[in-house]
Structures are given as C-alpha cells and as structure tokens.
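Here it is, the structure, as structure tokens.
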Amino acid sequence: MKHAQRNTLGWIAVTVVLFLVLLLVGMFLRAVQANQLDAAQGWFYPMMTLHGVGMAGLWWVGAMACASRVLARYVEPSEKVSSFAMLGTVAGVVLLLVSVFLGRFAAGWYFLYPLPLKGTWPRWSTVVFLASLTVLAVTWLVWVLDLLRAIAKKFPLTRALGWHYITGAEGPEVPPVVLITTVSLIAAIACLVSGAATVVFFVLELFTGTGSDPLLMKNLTFLFGHLLVNLSLYLAVGVIYDVLPTYTGRPWKANRVVAVAWNVVLWVVLFAYFHHLYMDFAQPPAFQYLGQVASYVSSIPSAVVTVFGAVALVYRAPVRWNLTVALFFLGLMGWGIGGIGAVIDSTIAVNSVLHNTLWVPAHFHTYMIEGLVLMVLGYFYHYCQEEAPIEEDLRLHKIATCLIVVGGYGFLAMFYLSGALGVPRRFAIYPANVAHGATLSKVALGFITLFLGGLLVYARELGRRWNKARQAIHA
Amino acid sequence: MRALIILAVLLTAGTAYAEPTAGETSFQQKCVACHTVGGGRRVGPDLKGVTERRDPAWLERWIREPDRMLAEKDPVATQLLKESNQVPMPNLAVTEAEAKDLIAYMKAKSDAAAAGPATPAAPPPSPHLGEVQTVAVVLFVLLSLVVAGVFAAVARSTRLAVPTIDTKRAYAVRRVFFFVAGTVMLVLLLATLRRTPYAAARAPDRVVYVVAKQFAFFYSAEPITSDAELARAPKLDPLTFAAGSVVEFRVTSLDVNHAFGLYGPDGAVFAQTQAMPGYVNRLRVSLPKAGEYHVLCFEYCGTGHHLMQSSFTVR
Amino acid sequence: MRSLRWAAVACALVACAVTGTPPVRAESVVTAEARALHRAVPDVTISVAGGEQVKLSSLWHDKPVLITLFYQRCLGSCSPFLRSLSSTIKTVGGLGDDYRVVSVSFDPEDTPERTHELATQLGLGPGESWKVGTTSPAQLQPLMDSVGFWYRAIPGTDQVDHPSLVAMVRDGRVVRVLLGNTVSPTRFQELRLEARGTFVPFYAAPDASTRFRCLDVDPATGQLRLGWGLVVLLLPAALALALSLAVFRLARPRPAPAE
C-alpha cells in the first residue's frame, strides 16, 4: 500500500514541477514571438521542441498515473511497473534535455520526416532524441500492457469493453473507468507502435541510408501524435467518471449508451488523424473525406454521452465547489470548447485557410490547459486531500479557479484570433505581413501570467496536502 | 491579354538560353538557397555590396571554409552566425577558382543592382479576416458561448440542490440533444464535404512550378526535381500574373516538408498546400484581385522556418 | 528496303554530326515537355482523304485531341512512332471515348490520299476518331509552333530532322506533351487520365527513390493500387489488436478453485 502511495505522490510531484517548468518554456516562446527577447531568438526552435514533446509526454504520463491509481480500486496494477515507468520516463526526459540543450535539437515535437536528418543541429543530437523517444515508447508500452494485464485478470475482453451492455447479455457490472481505460489502452498500443515504427525508419536511414516515403512517415507520425494526445484526454475522462460521483452523491454507471459510445470511439479515433494531412494532396481523397467524417463523428459520443452525462450529474446536485469539482467541471467545458474549435478546423474547406495557423495550437491548447490539465490537476488535489485532509478554504479555491479560467481563455483567445488573422504557427519572428502576431503574443503573455498565478495558488494548496501525505507515509 | 501572357512566358523562357557565367551557375547551385544579391535577406545576409564590405582574402576564405572559420571563432563569422539565427554557413566544397568566379559574379550583380531603380516596398496589409475565417470565428464564438452558458447555468443550479433528478427526463433531453447535434453535423458535412481543394474548378491559364528548399521558394515555368535542375532552370523572378487568371501551382520540395501558404492582397490566407519531397501537389487557385500576394512557409522546416517568405504580383 | 532505311538513318546521324546538333543545351525530357504547356493552338483545317475538311475546333469542342505530326516519305522515326502510338492506344484504350487523334503531315508535297495510304498501311484508325491528313502551309507553321514541333532539312538527302511528340489539346490549349520515339503505356495512361478530366492532384516526382510507398500507380491501368507502405500503416492497429487479445487470453480470470 505504501508503495502505491509513494508512486502516486512521485507522479504528482514530477507532473506539477515539470508543468511549471514547461509552462515557463512556453512563455519564453510567446515572449520571443512578441519581440521581447531578441537576444535569445536562437533558442526558440529548440525550446519549441522541448515544450511540445515535454507537454505531450507529460500529460500522457499524468493521465496514465491518475488512471492507474483509480483502476487500483477495482484491479491490481503492478506497483513495480509503475515505478519502472517513472524511472523510464525520467531517463527519457534526461535524454530529451541533453538533445535539446546540448545538441540544440529542433525538429519540433512531431519531428516530421526527414527534418531531423536535415537540420542545423549535429547528427548525434538527432540520435539522442530518437533514443529518448525509444526509451519513452518502450517504457510506456510496458506500462500500458501491465494495466491491460491487471484488467484482464478480472474481466474478459468482451466484458471489459462492455459488450454485454450492448447485447443485453448477462454480465458483471463494469465500472466506466475500466471500460474507458481498456478502450484507451488498446488504442495506445497502436499509438506507441506507430511511434516506434517511425523511429525504426529513422534509425534505418541513419545507419543504412535507406530512404522512406515521406507520405508514409507523415501518416505514421500523425497516427502517433494524434492518438497520444487524444488518448491522454480519454484516460482523464475515465478518471472523472469514477471520481466526480463521489462529490455529487449520484452514481455514474456504465450502460448500453456508454458502452456503444466508447466502442465507437475505439474505432473512430484511429481514423480521425487523417485531418492532419488534408493539405497533402498526395493522400488519396477517400482518406481525406474519411478524415472529416471521422473527426465529426468522434465528437458525438464525447459530447452527447460524456459531457452531457457529467452535466446531468452535476445539475442541481448538492456539490461543494472545491478545487477538484471546479477543475473537473471546467475541464469538461474546455474539452467541449476545444472540440468545437477542432471540428471547425477538421472541415476540409476551412482547413485550407486555417491549417498550421495559430488556430491549430489554439484548439489543442484549449483541450490541454483548459481540459486535460484541469482534469489531472483536479484528480491530484482529490488524491492528496483524501490521503491527508486539511480544512479547505473555498475562497482561495475560487480565486485559483477564476485566475485559471480568465488567464487561460484570454491566452487562448489570442491564439484563435491570430489563427483567423492568418498568423502561422511555429514562427520565431513574424514577417511584416503578419506583424500583428507579435502584438497578440504580448497580450497572450499578460493573460498567461494570470493563469500562472492561479496555478501557483493551486500548487500551494496541493503542496500542503502533498507534504502532509508524504510525512504520513514516512511516519 | 492572353497573347501577352504567352509572349511574356516565351520571353522569360527565351532568356534562359543566354548562357550564364560560371559564377552565376555556381551561385544558383550553392548560394541561392540562403542568399540573394540585392533581393533582401534570406537565411544569410543580402550579398549586395559584400565585395566592398569585406576584405577580399577574408571573403574568399569564408566562401571556401566557413566551418573552420567558425571553429576558430573568427569574430565576423561568429557575428554572422548570430544574425542568421544560429544557422551556420555550410562548407560546400567550393574550389579556389569557383570562389573567384562567385566573387566576380557578386560584384557584377551588386553593381547592376545599384544602377537599377529601387522599388519601394509596399506597405504590409492591415490584419484582415477572410470570408471562411469569419464564418469559422463566428461559429466558434457562438457555439462556445452556448457551451459556456450551459455549464454556467448548471453550476448555478447546484445552489438549489435536490438529491436526485428524474433520469427519464434527462434521457429524453439527451435524445433531443443527440438528434439536434447529429442533424447539425450531417448538414455541415453535406454542405462542406464537396468544397475541397482537390478537384479543380477549371483549367488553369498558367502553370507555375514551385520548389521549396530550406529556406526559400523558387518559381519556374519548368518542373524542378533536383538541385541540378534548380541551378539550371530559369526562375520566374519577379513572378507576376494577370488579374482574373486561374493558376496551377505545382508544389514540391527538394529537402524537408514545407508548405506553400498563400495570402491575398487583403492580407488573409486563402489557400495552401504542402510541399513534400518526392511528391508534387497541384494547387489551383484563381487570382481575381490585383495586388501583392504573400507566401509564407506553413510547415515547420527547421531553424530558418520564419525566414521562408516570398511574394508575387497580380496586375 | 530495310538496309535502305538503316543507310538513311546513318546518313542522318552523320549529317547531324557535321552540322552540329542545334538545341542549345541538353535538357531533360520533362523540361522540354513542359515548354509548350498551355499554349493556344490555332484552329486549323485538316484535309482528309475523300475531300472531308475537319476544323480542329469541331473535334476539341467535346473531347480532347491528341495531335501528332509526321510526313509520308520519312525513313526514320515517323512510321515506328505512329505504330507505337497505335499499339499503346490499343493497350490503354479510350480512343473515341476520352479523346480523338489527329495526325497531320508537315510535308507540303503530301496529299490527303498519300497520308491515307500510310494510315492504312500502319493500321491507324478507326477513321472517325483518328483523322489523318494535311493542312495548308500557312496554317502549318502556327500549329507546329504551338505544340513545340520543328523540323530542319538534312543536307544532301530528302529527309528532315524532327522530334516525335504527342500533344494533348483541350479547349484549344496544350495540356500535356509526350516526347520520344516510342509512347510508353505508363505515360500515356497519365495522359488519358488528364483527357478524361480526372484531376490528379499529385504526381510522384520522377526520380524519387523511396520504398514502402502507401500507394503506387499501376502502369498498365493507371489505377492506384495499394503499396507495402499501407501494410506498414495498418501494422500499429493490427499489433494493438493482437497484443490486446494475447494479454486478455494469458491473464484471463480463472475460475476460483472449488471451496
């Protein structure tokens, strides 16, 4: 039991500290774009790579840590594997830092083929970066398989996927978190395998000179990248299904609709990534249309089933709005709003003018800082408060939440507006015809400072409980 | 008008047959990806007047072995590295004779550029929302407000708490929500799926081959599939079109993924396509309005990504 | 007859060597083919055996026209080229449905009857979709210029030096040119797709040497077919399924031992 607590407290510390660091890196990027840090321009692209890989990986492990802790209420994930996952993740992060800080590796978080081989950074930094990805992919694959094994010990596959709800057959009651996590973990295998396949093709070219089809590499890269971020969200949503009912006093059970929705998601999520390739006219048109249909369809189960379910759960419920409930609730709202931005951009006709403008980071930052991040932080607080209860000052919680909402959405609004005004993403310095990007960056910096303020209040509240919980273990 | 365009094309193609000097050929092969002479800064500085700015011996050595000079921390070299955003000048195995040809070419081109009339830079257009962008923003803001409104109302409702709600009614509301959301989605799908950039509206009046290479775009009337062809092919510089023409851009890349992002004279993005090595994407656009069109790279392509800018004129 | 033809070819080669080959610099076929793209083609009248007068616009008003130029007395590439075109058209298909062909003689001495004889001899046809004939000298030059065709007398012989090309014309504009003494089915297939109006939004760059492509173009039919790359793309999903099944099978809940 102590091992489990130590692991979870470890994940909480790693996640929150890295989040603060990577958030500062993100602010550095906006500062350069606002022409405030001309001297450090040369570091823009390496830092952009760090911010991207770091945040995508961080929230994936954050969501995995939450999911595995919640799962432990029903099944027995191995605590040793969880410790191993933490070691592997830290090792991967160290390699990433070496590659970015010493090697100035700057191929961006999705390292699109063949850029890592044709950059201005030394070849060894590419090798270290690929090694970092390999370590992370292997570690996470082991972790995923262990969680699946734990579920499999208790539920056969058809039960874990809730098929008996769909067919109406007799069967055990399956907690929604088990169903959602099973779906996410199966898709996560596809995600990590495609990431590994990408790395294999890179290594092949590095050491044998065998070239790859850039179109194939693009497909693999986005299958990996899109799934990683998407599944992190699903894992966190599974956690909410399990934890939110304890605050509203109403049950949230699996039923036919929930089972159908998440089984549909398992398939649709594999095809949605096609929307990253709309502007590749070489991709067969059938894939493009499939991409738009899948992107649209994938929003139905999440909006109609999950978000609606959560809203119904809270509606007129006797809720005490502490940090956890507020962050969960806002996280679901952010998921919905980001989803709207995403569906709009996944329309091929719209994508023609919005693809790779700041609209794209706008919508996925909405998913992240006003969605996934809030869900995970909400769970972290819930966990610490359960382990080491301290009387809550709800006024302080309200201040933190307000800062996070106002700062976050203000920051995001600048992204959306910039995107609509044609400011491209990933530009260190804005050319004359999109010079307004710099002004909007400056405004965004102001807002994100508010967000940071809210986050620090949260961190203080969390830190007190975290400390107490840690002392309790050692006592 | 058409005859005029054809004439212009023929004339540009014709100039290709004037044999370039050795220096020009080398410059096109080895330097043009990062430098211009009198055309503004790319990754590296504009080389107009460089033969007067720098000591001849220094210049020749810098052309031949920039890597060693950077390693030796030559002060000028270090400064240049900083100015080019840490993109170092590569050693391109330039021979001594070739370096002399290059210097001669740069001097001749600088003199010619100095003699020619300077074209005043057009003021950049003010920020502008295009049609599609306006629809996207309005739709996004409205729908987001609806979502936020629902969440706010639900959060407020907890002040009047009841232990349970009527699940039957909740399911009925969910059914309505499902049908409304599904219908809206279906209508949007049917309305938008046909508006894709893949099928062309009408045959183009002109085909322009676009080659992207770290960190510049090149335009030609001929296809370019290799560095050798890039060096040889006549470039369309400056690139101009007649207002009202339909143009097919055949876009490819010679190194990494780039993208060809087009801004209209009003300053809004109106079309784009990826530039992928090994594939040629064919983007057909009509250019109804006269003015200055800007082109930016829309796919991250390395540390000089933001330097990859270009433009053309429609008159 | 055969030896005579070879002698003529040899003469032509020698003549070329003596006079010096005229094109200024060696350029790739792709480059040369692109030169005539989107030029306007004059609406010339073709005289066909039997007194028929055909205006090009009457042909291209509903479907594209492939234009080739030849002369009846040619001892070099004309006959082999037309034969190759004819056999490729038979392989690929689409004559009369997707496009028509017009073969025009550029020799002022040719008559519609003489060109008809050659067409019969080579088996070109059928006549309603493949017009073979002559045009007036005044109309000939603009036609040749528009598709990028030229010829030059070889001194001491009655032969001329000239390229072999097929130019596809839609609505009076050149949309594609194929150069070369033989017409390959692969390249002709692309031409046919263009003729049908199929907008192919990409083409693989000529010398891209990549393996595991997701999709390839079948040279025989021009249809896209699945490549090994697609299998690679399916691999993640397949492995996910296989691994999940394996995990759930190995770790499946065992019935509790009898109490």
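So that you can tell them apart, the chains are marked A, B and C in the order they are listed, and the count of residues begins at 1 in each.
Just so we're on the same page, a contact is a pair of C-beta atoms (placed from the backbone, for glycine too) under 8 Å apart; a residue touches a chain by one contact, two chains touch by 3 or more.
Note that this is a predicted model, so its numbers are computed, not measured.
Engineer: Between A-B and A-C, flag the pair that has more C-beta pairs in contact.
Structural biologist: Looking at contacts between chains, A-B has the larger number.
Engineer: Return the chain label for which the distance between chain Cα mean and whole-protein Cα mean is smallest.
Structural biologist: B
Engineer: Please work out the Cα centroid separation of chain A and chain B, and write it as a whole number of Å.
Structural biologist: Their C-alpha centroids are separated by 30 Å.
Engineer: Distance between chain A and chain C based on Cα centroids, please, to the nearest Å.
Structural biologist: About 52 Å separates the centre of chain A from that of chain C.
Engineer: For chain C, write out the residues touching at least two other chains, lowest number first.
Structural biologist: Where chain C meets two or more other chains at a single residue, that happens at 201-202, 204, 210.
Engineer: Check each residue of chain A and list the ones that touch at least two other chains.
Structural biologist: Chain A, residues with two or more chain partners: 213-215, 281-282, 285.
Engineer: What residues in chain B touch two or more of the other chains?
Structural biologist: Residues 198, 277-279, 281-282 of chain B touch two or more partner chains.
Engineer: What residues on chain A touch chain C, complex-wise?
Structural biologist: 145, 148-149, 152-157, 160, 185-191, 193-194, 197, 210-216, 219-220, 223, 270, 281-282, 284-285
Engineer: List the residues on chain A that touch chain B in their complex, please.
Structural biologist: 41-42, 45, 104, 106-108, 112-115, 118-120, 213-215, 218, 249-250, 279-282, 285, 288-289, 292-293, 296-297, 299-300, 303-304, 308, 311-312, 314-319, 321, 329-330, 332-333, 336-337, 340-341, 344-345, 347-350, 352-357, 359, 416-417, 420-422, 424-436
Engineer: Write out the stretch or stretches of chain B touching chain A in their complex.
Structural biologist: Listed in rising order, the residues are 82, 85-88, 124-125, 127-130, 132-137, 139-140, 143-144, 147-148, 150-151, 154-155, 157-158, 160-165, 170, 174, 177-178, 181-182, 185, 188-189, 192-193, 195-198, 214, 255-257, 259, 261, 263, 267-274, 276-279, 281-283, 294, 296-306, 309.
Engineer: Going by the contact rule set out above, which residues of chain C touch chain B in the complex?
Structural biologist: 24-25, 27-28, 30-31, 34-35, 37-40, 170-171, 173, 175, 199-208, 210
Engineer: Which stretch or stretches of chain C touch chain A in the complex?
Structural biologist: That would be residues 201-202, 204, 209-215, 224, 229, 232-233, 235-237, 239-241, 243-245, 247-248, 250-253 of chain C.
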